[in-house]
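Both of the next two complexes hold chain A, though its partner changes from chain B to chain C.
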Partner chain A sequence: MANIVSDVICPFCGTLCDDLEVELSDDGKKILEVYHACAIGAEKFLHSQAEDRITRPRMMQEDGTTKEVSYEEAAKYTAKILCEAKKPLMYGWSSTSCEAQSVGHSVAEAVGGIVDNTATVCHGSSLIAVQDVGIPSCTLGEAMNRADRVVFWGCNPAHAHPRHMSRYSVYPRGFFTGKGSKSRKVVVIDPRKTDTASLADVHLQLEQGRDYELLSALRVAFRGEKLPDVVAGIPKDQIYEAADLLKSGRFVIIYFGMGVTQSLGKNHNIDIAIGVTRDLNDYTKAAIMPMRGHYNVTGSGEVLGWQYGFPFCVDLSRGIARYNPGETSSNDLLMRDEVDAVFVLGSDPGAHFPISSVKKISELPSVAIDPHLTPTTAVCKLHVPVAFVGVEVGGCCYRMDNVPIESRKVVDPPEGMLTDQEFLEMVLAEVRKCKGV
Partner chain B sequence: MAEYLIKNGFVFDPVLGINGDKKDIAIKDGKIVESVGASAKVIDAAGKTVMAGGVDIHAHVAGPKVNVGRNFRPEDKRQATYEPGKGVKRMSGGFSVPTVFKTGYKYADMGYTTVMEAAMPPFYAKHTHEEMRDTPIIDQGAYPVFGNNWFVLEYLKNGEAENTAAYIAWLLRMTKGFAIKCVNPGGTEAWGWGLNCTSVHDPVPYFDITPAEIVKGLIEANEYLRLPHSMHVHSNNLGNPGNYETTLDTLKLAEGISAKNNFGREQVLHHTHIQFHSYGGTTWGDFESRADKIADYVNSQKNITCDIGFVTLDETTTMTADGPFEHHLCELNHLKWANVDVELETGSGVVPYVYSPDVFVCGIQWAIGLEIALLAKDHMRYHMTTDHPNAGPFTRYPRVMKWLMSAKARDEMFAGMKNEDKVRDRTGLSTMDRELSLYEIAMMTRAGTAKALGLSHMYGSLTPGLCGDVAVYDYNPETASDPEAIETAFGKAAFLFKQGELIINDGEIVSNGNKRTLWVNVKTNENTQVERDIALKFNKFYTVSQKNYEVYAHHYVPNPLVFEIDATV
Partner chain C sequence: MTKISLNLITGRTIQQGVSMEGGKEKKAYTKACGIIEMDPSDMKKLNVWKNTNVRVTSEFGTVIVKAVEATQGPHPGLAYIPMGPWANMVIDPNTYSMGMPTFKGVPIEVEVAINEPIYDSQELVRRACGLKV
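Moving on, here comes the complex of A and B:
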């Protein structure tokens, strides 16, 4: 009989599908097949099985070569650079468990570090908007069961969150949406002709960077006020029609992504998108939700929230928690040469940060903790490979709607490999030693 | 474990009938004992007040909506000094939505050792438990919400009492919950469509059941399961002028039902933050107190308890599973509004709020809470809360005590109000000169709450055999005359013991204790119908699989205290 583990959580994107089945070899040591996952999710599991995987920490040498070191040496080095630094940046936290994040925060508190997560280059603007105007939202299942109007704004789930539409937003038959996609009208607002747009009932193909105008126009249209002939490249009739379509729904859900958070206007775009949602609640029921990327970036914001009161950009260097995006955000700190050591876990700034920031990282004492070889591990002085969270060790994660789900361990990591939580605990012990506590 | 002898303090313990007598209290092996050996460490409590550790029956201190409050209000961190870590303490900050560390430390500072999280959305139970786990010192439990849960609505609609109970037992086990909470019964489900239920007879859209049926059904299920605590209700129509009638309608549903349990609990219904439900008038213009009507009724009904939800006149953060109320509130104050509707179960909203002493409605709300507490005949059934953080932060309990214990302190508040006359006029408070005693305060803050929670065998008294939870306050009831001394002393315990361990020594927190999570495991008859219904709903309408729904102890509840109950028949 096949050796199948069921109800497995996919540790890849914020959709956090929890219905995967993983087929193991008879001895339970190898992953043979992954069922129900999308291609990128399955790839994550299979990737862990690579024969040439790095299983021990490696230190970069003067001559650019690398040398294998023990986890003990790696923990000592990590503790040393963190303790010696005045303002170490501890970045990432989005592809790991809440347990690991929590230990990381203890380390950061002891060394006076700055804790920032990938929201800083992604949905940070959404978090700021929520601080300005709040957010009426719901769980993904609430939208599945009730929403008959679905808006995708500046996001392309067909590529970035491949199972979102089939599990939650477009196709499933919910309690009050028994006809599945036939129960729903889908509106896509995107300057690109995306695959998601091709499935939509309505595609408002606005001009790049004109999101704010179009959102304002919708608010005008809801109120039945006058619009100019064309806004953001969209004729006014289409805007009135879209406004009516939304108002006539019983439950409207707006999903938005990086197309709005990182384009011109940033958090102001989200402010007004939330304003649109608030308006709609005067006529019907409406909710809005950010399409979070990494599978546990949301969890990082949650743990930071209950431990320090802020969701990202948390500066602990003065002995108390400070929050001031623009000042305490990773890229701003790097550009201004304000940090003197870099610690990366559960993210790949080497791939996602501007090249000037990556260059700064490469010039500083630095460590990258990551199961993979990445552009970040290539520029950091020390690479500490660890077990894959959600594959080789379980742990709590938060879905894009803030719903906590405990990921599962499916197989053992390669012999002798540590989890990131275990490694962080070693670092914490070393830090305490060097701080004399 | 060390032995302690707390000597010569003025002891207040309503359970033992000790009213300020000088007594020694002995602690050994985590418990209160009759006596200890000569080697016991002596705490000199001469000139100080000694009470059992405080027990909070209702506060929003952990979980998703609290964290929404923290993360969307960076400005809240500026309302209080952010404190650096020191000794055993982590850094801690926030005012109305403090971090988990601050929550633990500040409760300890007030001499509190047990705090119940008042509303846990089952779907987010893991989150609530993660926060409670990280909250130091205090024992905690959480109340999962049931009043808008589809299973409950359907079973009650069909009159299936046994299935309701079996489902509730299952959910308490899955979520590691402590009690049955019911918030705006039916109204939050209606809010799924932007609607509400504002009276006990408003039918719930689609489910076609009334709030009255939900409340009554949940009370009956609670007694069927013989839970430690009673059904814990936040009734419909919260915060609206004239709502006292809805409140009375709700309370009356408990008439004729008596408590069944082995925990010494006598009530079958606990009404929370009753201050918010004691309003007269028809609009904000003629808004007035109906504290008299509510207190009269509660005084007359032995099977009801309540907590007050005192308004403290602060800037704070409101949060409740009453989704439609928060929307209504943001339409009134135009501040930021967060809302989360939760599939098949509940909803919630969060809105900042400024209770200004210069706004007469706020003044009246402030007065109503105090009025109810001063009209109370039996303080074992009227409990101290601020519905933290809804009516004010829990850190204001010592200030509320001052108002309750001093007519002079109340007059000073009145005098500072812009609309003093209107507030005096529309409430009964100005005619009251009653001043509560520490004996009554001890009922409101530990003895009464412990009893209503079914935890009087552990907490709320200094009876030998109970948990070694003891607070010593630097307050001399024989000599104190300045009401400000009350606020100061009860906000900063001189000594605190939790399960026999010294937590506060001479005003300094010296240990994070050994915090426990309380939950209830009720055994019911095997019920294949309910098992099938659960499997079906998870297959079709939940977005998490049934197997991934359960809160497993290992990570989320590392130090559980489980109450096992056999409700099989």
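Moving on, here comes the complex of A and C:
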């Protein structure tokens, strides 16, 4: 009989699918097949089995080659660079469990570091907007059961959250949405005719970067006031039609992504998107939700939130928690030469930060903790491979709607490999020794 | 040599996601992300065949990628490089005091660079940082 582990959590995106089945070899040591996952999720499970996987820490040498070191030496080096630095940056945290994040924060407190997560290049703008104007939101379960008007603004779930539409937003039959996709109208707002847009009832192909104008125009249209002939490249009739479509729904849910958070306007785009949601509540019920990327970036915000009161960009270098995006955010700190060591865990700034920031990382004492080989591990002085959270070790993760879900262990990590939490505990012990705590 | 000006946006594609989880040091990642998706009308303007290497230049840097026809379009005037180190060589790092670099909406120029090599992710970043490869 096949050896199948069921109800496995997928540790890829913020949708955090919880219905995967993983087929193991008879001895339970090898993953053979992954069922129900999207292409990306399945690849994550299968790649953990790669034969060329790095299983021991490696130190970069002067000549560009690497030398294998033990986890003890790696922990000592990490503690040393963090203790010697005046203001170390501890970045990442989105591809690990809340338990590991919490240990990492203890290290940051002890060394007076800055803790920042991947929201800084993702939904940081949304977090700032939420602090400015609040957010009327809901859970994905509510959206599945109630929403009959679904808006995807500047996001492309067909590519970035491949099972979002089938599990929650478009296709499932819910309590009040018994006809599945037939009971919903889908509106996509995107400068490209994306694969998500091709499934939509209405696609508003706006000019790139003109989201604020279009959102304002919708607010005007809701009130029945006059609009110019064309706003953001969209004829006014289409805007009035879209506004009427949204107002006529019983429950509107707006999902938004990088199209609005990374275009100029940034947090102000989200401010007004939340304004649109608030306006819609005068006519019907409406909610708005960010499409979070990493599977536990929401968790990082939650853990930082309940420990320090801020969801990202937390500066602990003065012994108290300070928060000021633009000053205490990773890219600003790196580009202004305000940090003197870099610690990366569960993220890849080498691939996803502007190259000017990556250059700064390469010039500083640096350590990257990541199961994969990445552009970050290619420029950091030390690479510490660890077990995959959600595949080789369990732990708490938060879905994009702030619902905590416990991920499951499926197989053992390769022999002798540590989890990130175990490695962080070793670093914390070394840091305490060094600081005499 | 013909040069055209476009507006660049970046973001995820499913090929980018799958190849990223399959290993960023592998060829598949370069194939998925070391590209620029252009509208067919823009490719015509540039006078370039599909799958030709091109140089993308912005105020902030330059990178060699492969020009491919946009699978999600049409969108004349708009270019798309999937998120990753290739895109990040040219995007606008300015955060306007709120932490987020401007990953979308960067004016770029594209020209044919048929004999220039496309580096893999590790080599690209190490070269840009002045490290040995």
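The rule is simple: the second predicted complex is superposed on the first by the 437 of 437 C-alpha atoms of A that agree within 3 Å, B and C clash if a C-alpha of one lies under 4 Å from a C-alpha of the other, contacts with A are read in each partner's own complex, and residues count from 1 in each chain.
In this text, contacts are C-beta pairs under 8 Å (C-beta built on N, C-alpha and C of every residue); 3 or more make two chains touch, one makes a residue touch a chain.
As the structure is a prediction and not an experimental result, all values here were calculated from the model.
In the superposition on chain A, contact is made by A:354 with chain C only, not with chain B. After overlaying the two complexes on the shared chain, residue contacts for A:406 are found with chain B alone; chain C is out of touch.
Of the two partner chains, chain B is the only one touched by A:284; chain C is not.
Legend: residue contacts after superposition of the two complexes on their common chain; A:362 is shown touching chain C, with no touch to chain B. In the superposition on chain A, A:316 contacts chain B only, with no contact to chain C.
By the document's definition of touching, of the two partners only chain B reaches A:250; chain C does not.
On the chain C side of its complex with chain A, the touching residues are 7, 9-14, 17-18, 20-25, 60-61, 70, 72-75, 78, 80, 83-85, 88-89, 91-93, 95-105, 121-122, 124-126, 128-133.
Chain A makes touch with chain C in their complex at residues 12, 38-40, 43-44, 47, 50, 63-64, 120-121, 124-125, 128, 156, 158-160, 162, 191-195, 197, 205, 208-209, 258-259, 261-264, 266-267, 293, 312-313, 325-327, 329-332, 335, 348, 350-359, 362-363, 372-375, 378-379.
Partner chain A is touched in their complex by these residues of chain B: 62, 64, 66-67, 70-74, 76-77, 82-85, 90-91, 93-94, 97-101, 123-124, 126-127, 130-131, 134, 150, 191-194, 206, 327, 330, 335-344, 347, 350-351, 540-545, 547-548, 552, 555-556.
Within the complex formed with chain B, the residues of chain A that make contact are 6-7, 9, 18-19, 98-99, 102, 109, 127, 130-142, 144-146, 167-168, 173-176, 250-251, 278, 281, 284-285, 287, 301-303, 305-311, 316, 319-321, 323, 395-396, 398, 402-406.
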